[in-house]
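By written order: A, B, C and D. Residues from 1 in each chain.
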Amino acid sequence: MNTLFLQFLLILFFLSVVFLHTAKRNYWTIFLYGLQSLIVTILLVLSFLETGAIAALLMAGLILVVKVIIAPLFFFRLMKKYSLKFLVSTYINIPLTFIIITILTVVAHSSVFLPLTTIVSTNHFYLSVILATLFISLFLIINRKGVLSQITGVLSLENSIVAFAFFSWLEQSLALQIGIIFDIFVWIIITTIFMSMLYKHFKSFDVTRMEELKD
Amino acid sequence: MINFIFSPIGFFVLLSFFIAGALGSLIFQKNDRLANVWSGVFASAGSIWGLIFSSLLLLGSFSVSWAANSTSFSLLSVSFNIDKLSAFFIFVISLITLFCSFYGIGYVKHFYKRYNIGVLGLFFNLFIVGMLLVVSAANGIFWLIAWEIMSIASYFLVVYDRNDQENVRAGFLYLVMTHVGTVFIIISFFLLYKFTGSFDFSVVKANMALVPALAKDIIFVLALIGFGTKAGIIPFHIWLPAAHPAAPSHVSGLMSGVMIKTGIYMMIRIFLNMVQPIPVWWGVIILIIGSISALLGVLYAITEHDIKKLLAYHSIENIGIILLGLGSALAFSSLNLPTLALISLTAALFHTLNHAIFKSLLFLSAGSVINKNHTRNIEEYGGLIKFMPYTALFFLVGSMAISAMPPFNGFFSEWLTFQSLFQGIISIGSYVRWTFIISAGALAFTGGLALLCFAKAFGAIFLARPRSEEAKHATESSPWLLVGMGSLALLSLFFGLFSGPVISAIKNVSQSLVISSSAVSLVSVNSNQTISMGNFSSLSAPVFALIFVVVLTAVFLLVKYLIYCRQKVSVGATWDCGTDLTPRMEITSTSFARSIILIFKGVLRPRLHYDVKYHDSQSRYLPESRTVDISIKDIYSTYFYGPLSRFIFALSEKIKSIQNGNINSYILYIFGALLLVLFLVR
Amino acid sequence: MEFIIIFTIILLSALFCLVLKNRRLIEAISVAAFLAVFVLTVLVAIKVSLFGVYTPNKYFSLDSLGAILVLLISLVGLMAVIYSVKYLRVETAKQIIGFTRVKQFFIFLNLFSLAMFFAVSSSSPIFAWISVEATTLSTAFLISFYNKPSAMEAAWKYLIINSVGLLLAFFGTLLYFTSIKISGGFGFVTWNDLLANIQNMDPAIAKIAFVFILIGYGTKVGLAPMHTWLPDAHSKAPVPISALLSGVLLNVAFFMILKFKVFNDLVVGPAFSQKLLIAFGLLSIFVAVFIIIGQKNYKRLLAYSSIENMGILALGFGFGGLAIFAAILHMIYHSLIKSALFLSAGNIFLKYSSTKIHNIRGAFTALPLTSIIFVAGFLAITGAPPFGILFTKIIILSAGLKSFLFVSIVALFLTAVLFIGFFKQVTNIMFGQKPIEMPVEKEKFWLIAPPLTLILIALVLSFYIPPFVYNLITSAAANY
Amino acid sequence: MIIWLLQIILIPALSPLGIGFVKKIKAKMQNRQGASLIQPYRDLWKLFHKDEIISSDASWVFRAAPFIVFSVTIVVGSSIPLFGSFLDNYFTSDMLLVVYSLAIGTFFLALAGMDTGGAFGGFGSSREMTVSALAEGGLIFSLLTLAFHSGSTNLFKISSQVIAAYDFSFLPVILAFLGFFIVLLAENGRFPFDNSATHLELTMIHEAMIIEYSGKRLALMEWAAANKLLIFGALAVNLFFSAGIARSAGLTAIFWGVIALLIKVAVVFFAIAVLESVIAKFRFFRLPDILFISFILNIAAIALLL
C-alpha cells in the first residue's frame, strides 16, 4: 500500500493528539477523539485489504461502533445534559505545553526506544511517531484538569497502543481483540456513569476539586 | 532420677509448669481468686523445680542440649543448650520468680474486680517462659522469638494498670526502646550470619575465624547497644525508670532483678564465649560505660523522690557495677590473663545474683508500702516503721545489702569487683591501667553515694512522723507478702555469710567460659570460709559477723545491766525550739538530697525554682507560703531522643506531601517513574 | 472442570443477587456460593500439589502459586462475605445504606472475586490482563459504595490511575509477543507458548517490556510511587472490600509481575529484574513507613502497611534464593492478617463511626474482643512471635545479606521505624478513656468470628503448614 | 589471747584520752588552762549515770543505733594494726572491709539523726552522709596506694612494711598520707569540716545528729566518736609510718609498740589541734573541693607508685 497515505494518516493521528492539548471546547475534544479512532479503524481496514483477514475487518467494524460512534455519543449527551461548553484550564500554558510535547517526541525518537521502534525495521518512522503519541496522551492526562480530557487521554493512550500493535504487527487474534474492545466498551460506560455521579457531587468536571483525600 | 533431670525433659517440665500456669489462669479468668492462686502456685512450683534442675546442673559437669529435628523455616532451628552459664541464669530466674510469685499471690488481691486477673497470670508466666528460653536458646532466630516473647509479655505487664495514662506512656517508651535495641541485635546476628553462614550459636562460634576484625568490632558495637538497651546502660536507660515503676511491684521486682540481666547474659555469651579472641579496647569501652552508668545511675537515684524510680535508677547503677566486672573480664581475656579474667567474671556473675536478690526484695517491700499508702511519692510517707515494722526491717536489710555493708551479700560481690579492678591496675600497663583506676574510683564513689541514697530513702520513708493522712493509717501487709520479702531478706544475709561456697560455685561457671579453662583461679576459699585472693587480700564473712554479733551483745549487756541498771528511761517530745513540731519541719527526701544535687549540678543540671506567696501584695513582709522546687533536666530527652523524634516527624511531614490529593500529579509520578526507569536501565 | 463449576457458581449467585428481592435469600446464596467455592478451591489446590500444574483445557491453567492465590481468594472472600452480611445489616439499621445498595454490594462482590479467579487461572496473558482490568471496573463501584463526595473521589482516582497503569501493562504484554513473530493473527497465545519461544526475544525489548509490566501492574500492586490510589480506595471502600483489596487483589497483581519476571529472567538474566524489584520495594517501604508515622486515619494506616508489605514481597522476590520461599509465605500471612485487621477495624468503625484516630479512645474498654484481635494483628503484621511474619521478614532480609547487605539493613531499620509509628497509633486507639456516653454492649458474634478465624489460621500456619500447602509453596518457590 | 584482748580494748580505753589531749592543746593555744586530760573519762562516767529521755517519735532504730555505732568502732578497732603488725588477721582486717564497716556506723548514725523527726537531726544526717559519701573515694584510694606498695590489702601486712626516706615510694606515700589526713578530718567532723565544739545549728553536723540523745546512749555516741578518731589516728600512723611498731610477739616489743603508737598518735592529734586553732571552718559547699583534692592526691600517688 502506498506509504504516503499511511504517513498522512499517521500525521493526522499525531496531530489529533497534539490538538487535544490545545482544545478549549469539549465538542472539539470529542471530535478529535472520534477522528483519532476513525484513523485507527482505517488502519485496520487497510490491514484487511493487505492480509485479507476477516478478523481485521470485524475488528474495524467493532472499533467503529464502539469508539467512533458510541463513545462520542455518550460524551455528547453528557455535555448536553450538563450544558458544558468549555473545558477547565490546563496546568501549564500552551507554549510550554508545546515545548514539552516536542521534548516527548524527541524522547520517543531517541535511541533509548530504538529497540521498540525497530521491532519492524521498515516501520521505524511510524512506530516512533506512535510512541510519541503514546507519551503525549499520557502527558494529556497529567496536564489537563478536566475530567473529560482525562478520559479522552486514557482512550487515546489506548488508541495509540492499538496503532502501535498494528504497525509492529502484533495484533491479536479475533477473540482477544473482541475481549479488549468489550473491555473498553465497559470502561467507557462506567466512566460516563462516574462522570455524571461526579458532577452530582462536585458540580463541575474539575479534578482539582477532588483534594479531600490527602496524606 | 538424675538422668531424667539431665535429659532435656527436665527443661521441658520446667517450661510446662509455667505454660500450665499461663493457660490455667487464662482459662479460669472468670474467677479472680482461682486464676491468681493458680498462676502463683504454678509459677512457684515451676521455679522450685527450676532451682533443683539448675543447681544440679551447676554442681554436676553436664550440659543439657536439645534440637527439634526440623522446622518449616530454614535458618530457624528450635534448639537450646544449657551449659553452666545458662544454668546459673536459670537458677537466678527461678530463685527470684519463686519469691516474687509467692508475693504476687497476696499482692494481686488489690487488682480483683478492677482488671482481668487471668490475663495478668498469663503474661506473668509467659514472661518467665520467655526469660528461661532467652538464657537457654542456642539458635539466633529461636533466641529472637524468646526475646520478643519476653519483651512483649513484660510490655503487657507494664501497661496492665492501663487506666493510668502514665503507665501507657511508659509502656510505649519501653516497647519502642526494646524494639530499637532488638533491631541492633538482629543486625549483629545478621553480620555473624553473613560471615559464618548460620544462626546456630555453636556453628557461629566454630566459624568465628571467618569473621574479619572490622566486622567483629561492628558486631561488638551493635550488640553492646542492643543488649545495653535491655540492660539499661546510660544513655539507653530512659525506658527503665519509666517502665519499672509502672508494672505491678512483683513484676517490677522480676524486671529489675532478672530481666535486665538477660542483656548481661547475652553480652557474656557473645563477647566471652562466641566472639574470641577480642581486642582489649572492648573491655575498656565496657569499663567506661560501666563507670558512667554506675555513677550517673546512683546520682539520678539520689535526685528521685518516686520510690520505684529511685530503685530503678539503682538498677542502672548496679548494672554498671556488673559491667565493671564484665569489662575487666574482657580486658583480661584479651590480654590472655585467664586467671584474672576468672576473678572478674566471677565478680560480675556474683553481683548479678546478689543484685537480683536485694533489688527484688527492695521492689517487693516498696510495693507493699505503695499498696498501703497509694502513692509512690516518698515525701508523703514517713514514720511507717511504726505501722509496718516487718516491711521496714526487710527494706532496711535490702538497703544495707545494696549499699554494700558487710555481712550482707552486696558487699562481697562489690569487694570481688574491687579486687579484680585492683588486679587490673597492678598487672596491666598503658592506658588500660588508667581506665581501671578510673573505674575503681567510680566504684568507690558509687558505694558512698548509694549509702547516702538509702539513708535518705529509708529515713524519709520509715522514720520520723507521717507526712500524710494515708501514711497515718498504714497497716502491716499480709503474710503472703511478708513471707515473700522475709525469705529474700534472709537470702541476702545468707548469701553474704556463705559467700565463700557461693563464690567457689560461681567460679566453676566462669571457669567453663574463660578460654583456657585450665587456669587456676586466684580466688580460693578455705575451710573457715576465708575468701582469699592469692596473698593479696582475704576476708571471712562468718568471722566478721560472729565478732560483730558478740561485740554487739557484749556491749549491750554491759551497758544495759552492768552500769547503773537503775536508770529511768522516760519518753518525751522531740526538742522543738519552742514552736510545736509539725511533720512539715522534718527533712524531706528532696532537702536531704539537695546538697549533693548542688554539688553535682554540673552533671545533673538541676532547676531550682523558688516561689514566695505573700498575704497581701502590698506589704511584702508576711510570706504566706514559700515553695522550693528542685527538678532535674532530662538531658537525654532534650538533647538526643527529642531531636531525633522531631527529625523523624519532620521527615514524615515532608514525605506526606507526596500524597497531595491531586490526581494529575499522581499520574505524573507514574509517567516520571516510567521514563526514569527506562532511561536508567538502557 | 472445577473452574467451570466455580465460575458458574459465582456467576449464578451474582445473577440471583441481581434478580432476587429477598435480602436474607441474597445473603444466604452468596455465603453458600463462597462456601462451595472454597471447598472446590481446596480440592483444586490439593490436585495441583499432587500432580503439579493443572490444565483442564487450553484456556485455563493453574500453577502452584496460582493455587495458593486461589485458596487465599476463596478463604478471604468467604470470611469477607460472612462478615459483610452482619456488617451491612448493622449499617442498614443505622440508615447509612438501603436495600438496593446491599444488592449492588453482593453483585459486585461476586463479580470482583470472579474476575480475580479468572485472572489467576487464565492461561493467556491477555485474558489475565482483561480480568485484572475487570477487577478495577467492578471494585470502582464498591469503592464509591457510600456515594459520598470523598468516596466518589477515591473511586475516580482508583479508576483513572489503574486504567493508565494497566494500559502500560498491556503495552508491555504486547511487547512480549514480539518473541512469536508471525505477521497477522497469532491465534490463542498462552503463557506456555510465550515461555516456549521466549528465547528468540530481543533482550533490549525484553528489558523495556519488563519495565512497562513492572510499572503497569506495579500500579495495581501499590508499589511506590504508583501507590497513590491505594490509601484512598482502602479508606473509602466498605471494610470487607478493603480486606479483599488489600488481602488478595494486590497479590493477584503481584502474581502477574512474577509471571513476566520468569520470562525476563530467561531472556536478560535475573540481575535486571532483581535490581528493579529491590529498588521499588525499598522505595515503597520507605514511603509507607514515613507516612504511617504521621497518619491520622486508621484505615489509611492499614493501607500503607499493605504498601510496606508489598515492598517486602518485592524485596523477597528480588533477593531470590531462600527469600522467595519466605516471600510466598509472607504473602499468605499478610493477606490473612491484613484482612483480619481490616475486618476488626470495621468493628471499631461501626462502634465509633469515625476513621480518625484522634476520635478513637479506650477501644479496650469499649470493644475488648475486637481490640484483642486488632492488637494481635498489629503484633503479627509488625513481626512479633508467635506469628510467622517474624521468620519471613528475618529470612527475606538475611537472604539479601550476601549481595545487598545495606538494602536489608536499611529495610530492617525502616521496619523498626514502622513499628514505632504503627505502635503509637495503636496505643492511642486502644488505651485512654472511651467516650462516656458510649454504651458497653456485648460484641456481635458474626462480627468477631471472621477476623478471629483469619488470625487463628495465620497463627496455626506459623507453627504447622499443611503438607499440601507446603508442597505448593516449595514448588512455587522453585518456579519463581 | 592476751594480746588480742589488748588489741580489742586498746581503742576504747585510749580514745577519751585522745579527745582530752586535743582539747588540752587547743586550750593551750587559746591561752586557756583547759580541762584535764582525763576530763572525757569523767564526762562519759557522768553520762552513763544519768537518766535519759527518748523522743516519742523515735523507733527502735534510734534506740539501737548507739550500740551498733559503738560496736562497729570496737570491731574495726580490733582489726587494725595498733601496736603490733605481727598479728596477722586474715578475717576482718581487709581494708575494704574496714572502710565499709565504718560505713555501717555512719549509716546508723544518720538514721538515728532522722528518726526523731526534728529539724536538726535531718540536716545533720544529710550533711554527714554528703561528706562521708564524698570522702569514701579518698579513703579507699589512700589505703589503696599502700596496698599496692605492700602488695596486699590486709592492713597488718601493710603496716609490716617499712617505708623510709630513701625508698622510691616515699613521695607517693606522703601524698597518700595528705589525702588520708583530709579524709580523717572529714570523717571525724574536725575543722574545717565540722566544729565538734559548737551547737550552732547552721554549722553543726555530728552534734546535730546526736542532739536528741541523752544518758547512756549519748555516752556511747560520744565514745564511739572518740574511738573513730583514734582509729583513724592509728591507721594514719601505723600504715604510713610504721616505724616502731612491734614486729614480733614479745612483751618488750609490744610495750614499745604501744609507746610508739601513743607518741605517733599524739603527734597527729597535735597537728589536728594546731589546725583547728589556726584555720576557720569552711562553708559547707567548699568542702567537696577539699575532698576531691584528697582523691586527686591519692590518684597522683598511685600514678607515681606504679
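Keep this in mind: a residue touches a chain if its C-beta (ideal position, glycine included) is under 8 Å from a C-beta of that chain, and two chains touch if they have at least 3 such contacts.
Since we're looking at a predicted model, the values are computed, not measured.
Quickly list, by label, the chains bordering both chain B and chain D.
none
With centres defined by CA atoms only, which chain is the most remote from chain A?
Of all the other chains, the one whose centre lies farthest from chain A is D.
Please compute the C-alpha centroid of chain B, do the same for chain C, then give the distance between them in whole Å.
45
As a quick test, compute the distance in whole Å between the mean CA positions of chain A and chain C.
31
Let me have the rounded angstrom distance from the C-alpha centre of chain A over to the C-alpha centre of chain B, please.
Computed from C-alpha means, the inter-chain centre distance equals 70 Å.
Return the distance between the CA-based centres of chain A and chain D, expressed in whole Å.
Using C-alpha averages as centres, the distance is 101 Å.
Note the residues in chain B that touch 2 or more other chains, in rising order.
656, 659, 663, 667, 678, 682
Would you give the residues of chain A that are in contact with at least 2 other chains, written as numbers and ranges?
Counting only residues that touch two or more other chains, chain A contributes 113, 138, 141, 150, 207, 210, 212-213, 215.
Mark out which residues of chain D touch at least two other chains, giving numbers and ranges.
As it turns out, chain D has no residue touching two or more other chains.
Any two chains that touch count here, so list every such pair.
Those chain pairs satisfying the definition are A-B, A-C, B-C, B-D.
With touch defined as at the start, can you tell me which chain C residues reach chain A in the complex?
Per the stated touch rule, the residues are 124, 126-127, 130, 133-134, 137, 140-141, 144, 147-150, 152-157, 159-160, 163-164, 167, 170-171, 174-175, 177-178, 181, 183-189, 202, 204-205, 207-208, 231-232, 235-236, 291, 294-296, 300.
Under the touch definition given earlier, write down the residues of chain B that touch chain D in their complex.
Of all residues in chain B, those touching chain D are 382-383, 385-386, 396, 400, 403-406, 411, 415, 418-419, 422, 425-426, 433, 437, 440-441, 444-445, 447-449, 451-452, 454-456, 458-460, 462-465, 530, 532, 535-540, 543-544, 547-548, 551-552, 555-556, 559, 563-564, 567-576, 581, 583, 585-587, 591-596, 598-599.
With touch defined as at the start, can you tell me which chain B residues reach chain C in the complex?
For this pair, the touching residues of chain B are 72-76, 141, 144-145, 148-149, 152, 159, 162, 165, 168, 171-172, 175-176, 179-180, 183, 186-187, 190, 193-194, 648-649, 651-653, 655-656, 658-659, 663, 666-667, 669-670, 672-674, 677-678, 681-682.
Please name which positions on chain D make contact with chain B in the complex.
Interface residues on chain D, with respect to chain B: 48-57, 59-61, 67-68, 70-72, 74-75, 78-79, 90-92, 94-97, 100-101, 103-104, 106-107, 110-111, 114-119, 121-123, 125-127, 129-130, 132-137, 140-141, 144, 147-148, 151-154, 211-212, 215-216, 220, 284-285, 288, 295, 299, 302-303, 306.
Which chain A residues qualify as touching chain B in the complex?
Touch list, chain A to chain B: 91, 107, 111-113, 135, 138-139, 141-145, 150, 207-208, 210-215.
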